Every structure is written in structure tokens, then in C-alpha cells.
Amino acid sequence: MPRLRPVFTATAALTALLGLAPAALGQDTAAQPAIDTGTTAWMLVSTTLVLLMIPGLALFYGGLARTKNVLGTMMHSFAAMAIIGVSWVIVGYAMCFGTSVSGVIGWDSGLLFLNKIDGTVSDAGIPDLVFAMFQGKFAIITPALIAGAFAERVRFRGYCIFILLWSLLVYCPLCHIIWGGGFLTGKAIDFAGGSVIHISAGFAGLVAALYLGARRGYPRTAMHPNNLTMTLLGAGLLWVGWFGFNAGSSVASGLVTAQALTATQAAAAAGALSWILLEAMVHKKATSLGLVSGILAGLVAITPAAGDVAVPGALILGFIASPLCYGAILLKGKLGYDDTLDVFGLHGVAGIVGGIGLTFFLRDMRGSIFTEGWNTQLWYQVEGILLSAVYSSTVTLILVVLIDKTVGLRLSDRDQEAGMDHALHGEHGYGLIHVN
Amino acid sequence: MKLVIAIIQPDKLDEVRQALIDAEIGRVTVSRCTGHGRTGDIDLYRGQEVSPNLVPKTRLEIAVNDAFVDRTVDTILTAAKHSGGEKGDGKIMVLPIDDCIRISTGERGGDAI
Amino acid sequence: MPRLRPVFTATAALTALLGLAPAALGQDTAAQPAIDTGTTAWMLVSTTLVLLMIPGLALFYGGLARTKNVLGTMMHSFAAMAIIGVSWVIVGYAMCFGTSVSGVIGWDSGLLFLNKIDGTVSDAGIPDLVFAMFQGKFAIITPALIAGAFAERVRFRGYCIFILLWSLLVYCPLCHIIWGGGFLTGKAIDFAGGSVIHISAGFAGLVAALYLGARRGYPRTAMHPNNLTMTLLGAGLLWVGWFGFNAGSSVASGLVTAQALTATQAAAAAGALSWILLEAMVHKKATSLGLVSGILAGLVAITPAAGDVAVPGALILGFIASPLCYGAILLKGKLGYDDTLDVFGLHGVAGIVGGIGLTFFLRDMRGSIFTEGWNTQLWYQVEGILLSAVYSSTVTLILVVLIDKTVGLRLSDRDQEAGMDHALHGEHGYGLIHVN
Amino acid sequence: MPRLRPVFTATAALTALLGLAPAALGQDTAAQPAIDTGTTAWMLVSTTLVLLMIPGLALFYGGLARTKNVLGTMMHSFAAMAIIGVSWVIVGYAMCFGTSVSGVIGWDSGLLFLNKIDGTVSDAGIPDLVFAMFQGKFAIITPALIAGAFAERVRFRGYCIFILLWSLLVYCPLCHIIWGGGFLTGKAIDFAGGSVIHISAGFAGLVAALYLGARRGYPRTAMHPNNLTMTLLGAGLLWVGWFGFNAGSSVASGLVTAQALTATQAAAAAGALSWILLEAMVHKKATSLGLVSGILAGLVAITPAAGDVAVPGALILGFIASPLCYGAILLKGKLGYDDTLDVFGLHGVAGIVGGIGLTFFLRDMRGSIFTEGWNTQLWYQVEGILLSAVYSSTVTLILVVLIDKTVGLRLSDRDQEAGMDHALHGEHGYGLIHVN
Amino acid sequence: MKLVIAIIQPDKLDEVRQALIDAEIGRVTVSRCTGHGRTGDIDLYRGQEVSPNLVPKTRLEIAVNDAFVDRTVDTILTAAKHSGGEKGDGKIMVLPIDDCIRISTGERGGDAI
Amino acid sequence: MKLVIAIIQPDKLDEVRQALIDAEIGRVTVSRCTGHGRTGDIDLYRGQEVSPNLVPKTRLEIAVNDAFVDRTVDTILTAAKHSGGEKGDGKIMVLPIDDCIRISTGERGGDAI
């Protein structure tokens, strides 16, 4: 069937072009560590759970948007699945976990298309591909988090370009520096991504929101969530997925995994409880959005700390994160800028609370890195947070300005009025109102 | 024949309907609307009080024969009030009708109401 | 940074106050059983799956409420996550699985804040924390189940206090008695919580519904589910989560686990099929609510039996549970009381069906406990059910009366008319109708 | 308690009647392979994940239907859970994986009610029941997929009979032939069900849609999705579940599992990206339905190939599947037949793309079967696809004609206008519009 | 000019619209409402038959010139009937209009209808 | 007294409401409807352009005293136009009202508007 050969050759050419040796084919798998099926199973599950967080986030954010923007808002998360999903396997993993180039970025052309690790097993007894997939989900969710800050007023095309560049220029370096062998690896404690994920996304959101300006009509016009039941379900899925996010970050299926899961559960519950208690005191009413915001605050706060604090510490972190986020959101109202879905107020603030706060509740099991005492550790923590905040803010600012001036990022007033769903996607979220 | 249109608070719908039935006005058409009222229907959004500028309301349409207009209006007036009358309790409008037809039978005019 | 020390000291003081030795720090982990990563993985997953059931339940119940109560109804489940989530790690686990005090309640101050088990591994090869978390999810879902019985007419504050007290005074003792080393442990077969969970919740719901009286307008006013698609999704998530609930209750990843999962699957399908066949015969129409009610009936009925009956038994239990629940719900209509979402009609009735019915289909693998013959076993079963029913009913009645007379439990007629969402939470479920 | 004995005896009689030896009771479990708890854990999880796909599919399809048909459409998936859920444990498994009868169908009366495997362990180190349950979920989802092709115009009773017969007469033979020891087993590569599931369902849908004719009003009347947010969530859950579907098909927790998961992730992302890029080029707008259709196209295309192609191959398969499906759907518009939710356009087309396309990207690890060279393999692939397509089409045609002429399959025009929810199920999806 | 308001059964909407178009009445505004009718729209709820007291209906508004009133009413009468007229088929009301304006052009009166 | 009914494009609601408030017409009732218009609201469905035959519209009802009718109509005319008037911008109807009652106080007639 010679008609089909060209395709075959084309691929071969493509592979050759990219310098990919056909690694998997001749690989010697004898000298590898044995696979631990149990750990592999849990890491596969964790990968799946973190994937579940992305539709969860789409629901969480989508429910809070106005009816006319519900699809556009959900698309921000789904587009991250498509775009970063592809870029991660091509270059993202290589940039995060390749050989360190001066401690700030990784690179290894053998890791392009995950070629080199197609058949290898890591020391933890899991196929390297599983780790790459697990990390890939983190890379997907981080830019999707930012989207909440400028929801309801961003063009889709510009957004897509933004998250791709942000992922390569902000996420990958930070991930490499703190986790992948860069200059802060092994110093700052960031169990599952307080700095790398939540603080970097929080500050990116803040900067982008400030640059793009408020939505048309904000804050004069009341902007009501179109469907809070969706937001509640989203929060539920996020909590569920976070077990993979945090407990999976142990890259094991053992004691630390259990501790991370326990801390996650305790902090989420404490965050939720603390938020509704506060609302009950202030307004005599506990809201459902408050409860789920508290869940999120607790989950974010425990993220950097999950494997390293015990139950009392987790409860306290969750408990204090909520009032601080609450305060930050009120402050936003005062300052008048428009962080649509409070990405900074939740992820930025709770990320800092967790990153700093964990120093005081460490279980002290990780040995070596603590020999220098807790105030050294505190300094490492501050360093990690500052680095993420400053670096992410700076590059984000450059990106949004560039993109807005070229392809356009801010949605025109007319399109904002018509709604993103119709103007950008040619769709309507709910056909309910169509009588036919 | 007149068309009585009443914009009332959604939480009063059941009471108004019951009162109308008790006054032997059994037919009514109900729909949802939102109104630009003077009053605020305060919602909470992450610690902030949000007062929507369009407040959900319920809209009743009742076609009645002329003799029934006053009874209808009075019934609604009584049942739709919150503790003696509050801002936002709503409004009643009476419009003239030229003709009315029951689809199932084709009856016309007063009989079809 | 001396300014931060006070926090640190405060925690230390708190810990000391509660009599918590800093257990985890100096713990000797050498003598422990080795961790089985596979079993640990499955138990972590089971914990996650049972967590998923709680948003699932929120959807299931929420969809059946009227539009004006949808958030309030979902909040019942979410509040349980917050409140019992915190109380469980503080005292709940100690009261269920601590050293037995006269066979009726557990206690061990070392288990407060899960302190003593922070680094220990159980004989099953899983960290004790995983078991504590798995059990914690059961503790969360049980009071959330009750909420369905008095949905649409309960004050949020009173509800929160109710579930906290109910969890401590009803759930913990029952859990201890039947599972945690109390006087029925090892006698009554209750694989995954027929008595402890469904029967206790079913009777509590019945009693609370009777005491609080019917909703305003019931049964004269038609009260339509606001969103059955939500209920269907909820049922789907419950089924999914129930695999963790039942198969996880084997605390293993092996044969019994597989058997429990198989029985669960078979019974759920049989329950669903039986319900729609019945409806098709009676009304010539099969409803979607009927199908999912059948799923639930099947799942509840198999819960006490999951590990101990084979496929034919599971099919039969599922098949007979549905018509019996159906009948009970029709009877409710006749008797005229208002169990809003049929907690008794589903969980109470199907729990009894399973608890009694399993005696006739036992696989007879568990050995010793059956040497006394099946009618002895039947008596144990009845004993367990009666105990749960009577104890739960009694304490529930005391609690609802006390709470209603003090902080207030029944929602005023005016607030019922305005809807829980607006009256209690200051929110609206759907912004769809807001035109802007 | 003699009153209860009859039931006991009745079961015994039933069991005896069906020729079921009470296998599990006296079974010798000593000679079995040891259980691998890790692999068992992952396979339990995979089973759960594939179960999750069914509510996922219900949401995906349900959201695309019109408001008046939303429950009826979701019921198609849920009914499959009930009906095939029961039939599978009774006879389905025996027909797929029993001893081969002339290579076209399996049979083993000991497998009825899964009796013989109640306590056995397979060579892969997992209880046989887990494998049976995993496969059972595939059996459930396949007929549910077909339902999309004739959604909005099919009677419920006829549909129920159709899927039961289709499952027994189409699915079971195909499954046996390609996977269960039949004449194509070990020849055609169909890792997780390209032919067995997607192509067979795609062609069945096509045939049924052609026979039943278009919906009333199609294509003149615009028919709008009632709730695209539901469809998006459904797509998210499908992606999540597909990790179980594909990676679980390795029946392991190791290297191939990881490779299958990686390929799945890469292809789904590539499919989504490719679809929105295409839309952006054609319409200057990327739609959310397009993005999720692309996800589906990618996932279907990688299904037969998941364990056997590396990242570049997966990306390419995903990338080309979307435009081909897109084209097929446009063609449908031209040809004017009414495949309501594009079952053929997505599952049929992408299944063929994957089944043929994989030949050019094989990792070449499976050894022996490739010694004959890739064009032999290509021929096997074509054979598998042709077999599924022709066999499924033929039997489906017979079934729909028979059922339509007897119990009735096409919904009357009047009922189509009133909507399936009201006409067939006596319900309404959304009570939102009920003002009370 | 008159405003014809028709409350019909939702499942008849497509037919009525088609009939109106065939009668050259091309403009119409449609909304959802619920009505307190004599008829029951029986739903099932866990084995119990539930008859809602407010039944979903569809509301049509058609502004027409006086000459078209009869044709409009007759068309609806014919198309909205279920097999010769059933309870719940609905009602038609005819209201007077003082003025009508097309927003895009500013045309007034009969031309703007 | 007159009842002004305006069917406008949903994306113009905020502007129209603001313009009315600026013209001191502060009360309005808003509801959703769909209209059979001449214009297409093109949606995409898997690569196909779908033009719904019923397009979502927004319906305003404003009860005004006779002296305010022109001002109300003119305000809407100006604010609801898309760049000088496009197909689908909608329609305004003016109906007579016989009576109007404020529920909270029982005031009647012009004062209650």
C-alpha cells in the first residue's frame, strides 16, 4: 500500500528533524529500578484527580460569571487543557525537569516529546512518564487559575497566546527553580506548589487585572453569579482533586502521602468553617459562596505545607487563611480594582499565608534541610515567595502589554455588553430560554 | 372586559393566588420578570453586600369582566402587602380589552374570560 | 523574627493544654508493619471517592428542592464537610476507635487531633491516618443524609448545631459499638454501614421530620424538583463514590475488595432496573427520578452485605429493595407526614432490607462468626438494626426538641415562602433570571 | 424463624436451576497466583473511572438535546447502567470471555452470574472479578454511545429492548472475536476498543439514524443545545474517565499503563487544539462545543492505539482526527440525514482514523505480532474495522426494523413535539420555570 | 391597531408559528409563563402523581393592524387546538394599541407593525 | 396613562435603562422573551451556522402618565439603536391604561405610576 508510505516517511522526517532518536525502540530496560505497582497506581490516580480539577475549576469560575459569559469563562480552563496539554509534552517538561542551565531553567533535547523517558522507571518505582503527566496537570491548571482575574473582559485569541507564553516564560522557570533542580530546590519548602502555582498565579492575575482595567459597568452595575450550584459542584471537585494534587506530590503511596492527605482534609474543612463563622458574625448569614471560598482558602494555604505539618498545624493554617482572604477581598472592594473572581484575594493571599505560616508548624521529619533552624527556613520561605511574586508580576506585565498592543487582549465594550459567549464563541450557554 | 396586570413580590405569589381563588377568580397567568424598583434585594457576595438594580418580581395577568375588576384589585391589594405595605410591594395596572376568545370552544367575549 | 514567636508559643501552649505529646516528632517507626503501597493506594482512592459522594449528595438533594431552596439544600451537605470535617480530626476518631469504655464508646486522649497515629502503620499495611480519613468521610456523610428529611424548612444555625451534636452523640457511639470494638463488633454483619449509617440516618430523619411538621403548603401545593439533571448527576457520582464506600470497607486491595465492588455494581443495577420495571407496570412510564431512586435503594441495600454476598444475592437484594422503598414512599403519602426527600423511605427501608436480607445469601467465607448458624446471625442482625433505630430515634428526638426550643430549628413560614437561599444565605441559586 | 426459609430455598432452587454449583463456598484458593495489590488497586480505580464516564456521557449528550428532551436523553445512558449492568453479570461476561465456540462467541455456564470466578485470581495478579467488572463498564457504555444518533426521537421501551439485544448480539461477539479469544484476537491491535466499541457504536448509530429518519422539523427548525455547560462538564468527566478506559486496558500498573495514559492525554489535547484552530480559521470563532468535540475525537482516535504509540504518534493521531470528524459532520449536513449528536461523525470516523493510523506510529514493543511487517498489520487493522462496521451495521438494521415493527421505536410526531421528558417519562428537566 | 395576546400549550408553539407565517403574519414575540388552568399536567414523583397548580404555558404577543385581527385570531384558533379542542388549550385576548414605533427606522403607526 | 411596551435587543438593556433613569423615568419592569424577527442571531454548532428562528429579546414595560409618553418613547428610540438602526433593533407599542394602583399605599391613578 505505497499510497500510505508518505505519511510514514513524513513522521520519520519530523522525528529526525527534531533530533529525536527512536529511543523507545532499542531501549534496554534491564538496569532500571523495579516498578512499584502500588505507588504507580496512586500516582496514576493522582494524575487523574488533578485532571479532574480542571473541569472543576471551569465550573467554579463559570458559575460565578454572568449568564452571557458562562461559556467564555469555562473555555479559559478548557483551552488550557488543549494548549498547555500539547506544549507540555513537546517542550514544557524539558524546560522544567531537564538538566539545569545556571539553576534557572532546564533543558534536554532528549526530553522533547518525552522521548527519552518513554520507557524509563524512576527511583521511586514509577514510570517516568507518570511523573511527567502528573506534573503536566499542574502546568495546565496554573494558567487557568489566572483567568479568573480578568474573566468577562478578555479576548479569546489573546488569552490563548498569553497562557502559552506565560507557561513557558513564567511557570517553567519557577517550577525548575523551586522543584526541578534550580537554585532554590531543597531550600524553600513548597510541598505541592504554594509559590510555584498559587502565588505566581495570584500575582499574575493581579497585574493583568490592573492593566486591563475594570469590566464595563464595574462596580456600579450589580453582576450576579449565573449559577451558584455550578460553583458549589466545582468546589467539591476541586477538593476531591486536591487530594491528588497534595497527596500525589509525595510521589509515593505511604506515610507522607497519608499525612499530606490528612492535612489537606483538615485545612479545607477548617477554612470552610472559619469563613462561615466569620460571615455569621458579620452578616448574621452564612453564604454558600463563602463556604466554598473558605474551602479554597484552606486548600491553597495547606498546599505548600501538606506533607510537613500535622493536624493541629493544618487546622490553624486553614482557620487563619479564610479571614485573611476575606479581608483582602473587602480591601479590593475599597481599592476599587476589578479582580473578577478574586484570584489574588484567594490564591495569592492564602498562598502567602501557607508559605510563611508553615514554618511554625513543621513536623520536622524531613531532617537535613532543617538543621539550620527555623528562622533560616523562614527566610527561605520568604525568598521563594518573593521570587515567585516579583518574577511572575514582571513577566506578566510585559506579556499583557505586548499582547494587548498586538493581537489585542481587552474585550471591547460592545462585545462585553453582548457577552463573551455570543461575541467570541458564537454560542449561548443555556438554551433554556429558547422557547423552542 | 379588563386585563389586570399586577407586579408583586415573588414570595407573595402563593398567598395572592389563594386569595384570588377564595374570591372566585380562578384563572390567572403568571410569569417572571425583574423590576427596577426603589428597594434593594440585598445579596451577599464574598463579604460584600450587593444590591441588584433589577429585582426579581412576579407578574400576574388576569382577564376579568368589568364587574369583577374592583374585587380583583382589592383582593390583590390585601394579599400582596407585606405587613401593612412596604416599598417594593408592587403595582397593579388595569388595561382595556376589546375581545377575548377561549381556544378550545371558540366562545367569545365575557363568557370566554 | 521575634514578632512571630507568639504564634508559635500559642500553638505549643494549645497543644500542651490538650495533653498532646509531640508524638510524631520523636516517634520510633522501626517496629511498624511494612507499608503495602498497593493497599494504601486503594484506601487513599476510597477516601477520595467517599469525599466525592458528598458533593454528589448535595447535587442529588439540591436538584430535588424547589428553586428557592437549592443552595440551602446543598449547603446542608457542604456544611457537614466543614463541621464534621473539623470535629472528626479533633475528637470524633478518638470517640469511635479509641479504647472501649464499657463497650459503648471509645476514648483515647492520645488520638485527639489524630496525634498518636500521625506516623503509625496498621496491620493491614496502610498508615493509620488513611484509615482515620476514610472513616472520617463516613462520619461526614451520615448527618448530611439526614438533612434530606427536613429539607426546605430548617434554619441553618440550628442545623449546624444539630449535626455536630448528632455526630458526637449518635454516630460515634454506634460506630464504636458495631465497628470500633464495642459490644456488637464482630457479631452483627455490617460491612460498610447499613445500620451505622443508613438506618441511623433514616430513623433520625423520620423523627426529625415528624417533630418539625410538614413544609408550609404540603401536600396541597405542588413542589417540583428544580433541576432533575442535577439529581441524575448526583446519583451518578454517588454510585461512583459508593465503590470507595463499599469496596474500601474491605481495608484491603484484594479478593474481598473485588467481591464488594462486584456486589455493589450488581445491586445498584438491579435496584435501578427493578424500580423502572415497577413504574412501567404501574404508570406505563419510567421516570428518571425512579431510576436513580432505584440505584440508591440498591446501593443502600447492598451496603451492609457487600463483602459477604455473591452476585446472585446482590442482584436479589437490589431487586427487592426497590419495590419495598417504593411502597414505603407511597405509604408516606398516605400517612401524610413530610419526609421531604424520602430519607426514611430510601435509607431506612433499604438499610433494613439489606441488613436482614443478607443473612440468606451469605457467601460463608468469614468463618468463625457463622459457626453458630444462620438464625443466630439473623438475630445479631436484628439486634444491630434495632439498636441503631431505637438509639438514633431517641437521641435525635431529644436533640431536635432541645435545639428547636433554644436556638430554633424550624424555619418560619415567611422565610419558607421567601426561600432558604434568600432568607438564610442572602443568595440566589440561579442568576439566569436576572436579565443583566 | 421458619417463615423466612422459603426465600432461602427459593434462591437455592434458582441457583440449582441455573446449574450454578456453589462454587465460592468450597473453593480451594491455595494454588492461585498471588494478588498484586498495586495492580488490583489501579484496576479497581479504572473500573470506577469508566463507570464515571457514563454519567459523563449522559451530561455530554443531555446538554446538547433540547430542553424538552434533556431527561429522556440522559435516561439513555442511565438505562444502560441498569439494563446492561444486570445482563452483563448474568450472561454477558460468559459470552465474551467464556471458552470460544468456533472463534466467534464465548460460552461457559460456570461463568453465569460470575459464579466460577467469585474467588479466583488471574495471572496478572488481580481478582478475576475486577477484570469482569472493568470489562462490564465497557459493555455498558457502548450501547449508550449509540443513543446519541437517534436522540430526541426514540421511544424508551423500544430503546431498552434494543440495547439489551444489541449488547448480546453485537457487542458480545465482537468483544469475543477481537479480545476474548476469538479469531482476530492477537492480530488486530485494538488496545482499548476502537473497533469493538467506537466503530461498532458509530455504525450502529448511523444505521439506526438512517432507518428512523430525521427528527420532526429537522433541519428546518433550529434545535439549540439546552445547556452547553453540562456538555462541557460531561466532556471533562469523559476525559477523566478515559484514563481508566485506556490506561486500565493494560491490565497492569506499570510501564504500558503509563504509556497508555500519556498517549491518551496527548491525543485529547491535540484533538481539542486542532479543532479550535480549524474553527478559528474557518469562522474566526472557536466554539466550546468545538473544543470538546475535539477532545472526544482525540480520545476516540487514540483508543485503539493507546498502549502502542508514543507521544509524537499520539499528537498526530489527535491532530488529524479532528479535521476529519469536522469534515464528516459537514458532510452529514450536506447529505441531510439526522445523526442527532454525531455518533458516526465522531466515534465512527475517529475510530477508523485511530485504527488505521496507528499502524504508522507503532512503538514496536509488542514483538511477535509485528514480525510479519507493518503492511500485514495494516491488513489486520482494516479487517478488524471492516468486521466491526459490517457486522454491527447488519445486525443493527435487523434489530431496529424488528423492534420498530413490534413494540415501536420511533417516537410519534406529537410526542416529539411535547418532548420526551413529558411524553415518555412524565417529568420536566428543569423546574426553574415553574414560578412556585 | 390591536395587540393580540394568546396563551397556548407549549407543544403547539411550532404549529401556531408556522400557521401564522403561512397567513403572512410574520412578527411575533414569545415568552414563557405558567397558568392557573383547569387542567392538570400530570408529573410523576417517586410513584406519586403530582398535578402542579401552575401549568407551563406559552404566551404570544402579536401587534397587528385592525384589518388583520380576525385573520390572526382565526389562525391561532385553528392551529392551537388539540384534536378539536381540549381543556387547557388556552385563550386569546385582543387589546387596543394607541401607537407603534419601529426602533430601527423610527416609523410610526400602521407601517411599523 | 399609557403602558409603553418595548421589545429590544438584550445587549442594549443596560444602556436603555440608564437613559431612562437620566430622563427621570425610574420605574420599569423587564422580562425575557424571544422574537420571531427578520434578523439572524447566528450561532455555531459543530462547524455549521445555525440561525435560530426565535431570537432572544428583552421586553420592557413602563407605565407612564400621558405627558411622559413622548419622552419615554424618544429615549428608548435613541438608546436602543445599534449604530443608527439595524434590523432586529425592536419595536415600541403604546397601550392605554385605565387605572394604576400602588400596592403598598393603595394610591391610585397618576400618582401611583
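Should a chain be cited, it is by its letter among A, B, C, D, E and F, assigned in written order, with residues numbered from 1 in that chain.
Convention: a residue touches a chain if its C-beta (ideal position, glycine included) is under 8 Å from a C-beta of that chain, and two chains touch if they have at least 3 such contacts.
Keep in mind that what you see is a predicted model, and the values were worked out from it rather than measured.
**Student:** Quick check on the contact graph: shortest path length from chain C to chain D, in steps?
**Tutor:** Between chain C and chain D, the shortest chain-hopping route counts 1.
**Student:** Sharing over half of the contact pairs with A-F by residue number is what counts; pick that pair out of D-E, C-E or A-B.
**Tutor:** Selected pair, repeating A-F: D-E.
**Student:** From the mean C-alpha coordinate of chain B to that of chain C, what's the distance rounded to whole Å?
**Tutor:** Their C-alpha centroids are separated by 44 Å.
**Student:** Round to the nearest whole Å and give the separation of the Cα centres of chain B and chain E.
**Tutor:** 19
**Student:** What is the distance, in whole Å, between the centres of chain A and chain D, each centre taken as the mean of its C-alpha atoms?
**Tutor:** 32
**Student:** Which integer distance in Å separates the CA centroid of chain A from that of chain E?
**Tutor:** The answer is 51 Å.
**Student:** Residue numbers in chain D touching 2 or more other chains?
**Tutor:** Answer for chain D, listing residues that touch two or more other chains: 36-39, 41-42, 45, 221-222, 224-225, 227, 283, 285, 287, 289, 425-428, 430, 432-436.
**Student:** Give the residues of chain F touching no fewer than two other chains, as numbers and ranges.
**Tutor:** 10, 14, 30-32, 34, 43-44, 52-54, 95-96
**Student:** Inside the complex, what are the residues of chain B that reach chain F?
**Tutor:** 2, 6-8, 31-38, 53-54, 57, 59, 73, 76-77, 80-81, 85-96
**Student:** Enumerate the contact residues on chain F facing chain B in the complex.
**Tutor:** Those residues of chain F that touch chain B are 3, 17, 26-31, 61, 63, 95-106, 112.
**Student:** Which residues, counting only chain C, touch chain D once they are in their complex?
**Tutor:** By the definition above, chain C touches chain D via 36-39, 41-42, 45, 49, 66-67, 221-229, 232-233, 235-237, 239-240, 243-244, 247, 252-255, 257-259, 261-262, 265-266, 268-270, 272-273, 276, 280, 283, 285-289, 291-292, 294-295, 310-313, 315-316, 360-361, 363-365, 375, 378, 430, 432-433.
**Student:** Quick check on the complex: what are the chain E residues that touch chain D?
**Tutor:** Against chain D, chain E makes touches at 10-12, 14-15, 32, 34, 41-44, 52-54, 56.
**Student:** For chain D, which residues are in contact with chain E within the complex?
**Tutor:** Touching chain E from chain D are residues 68, 217, 221, 414, 417-419, 422, 425-428, 433-436.
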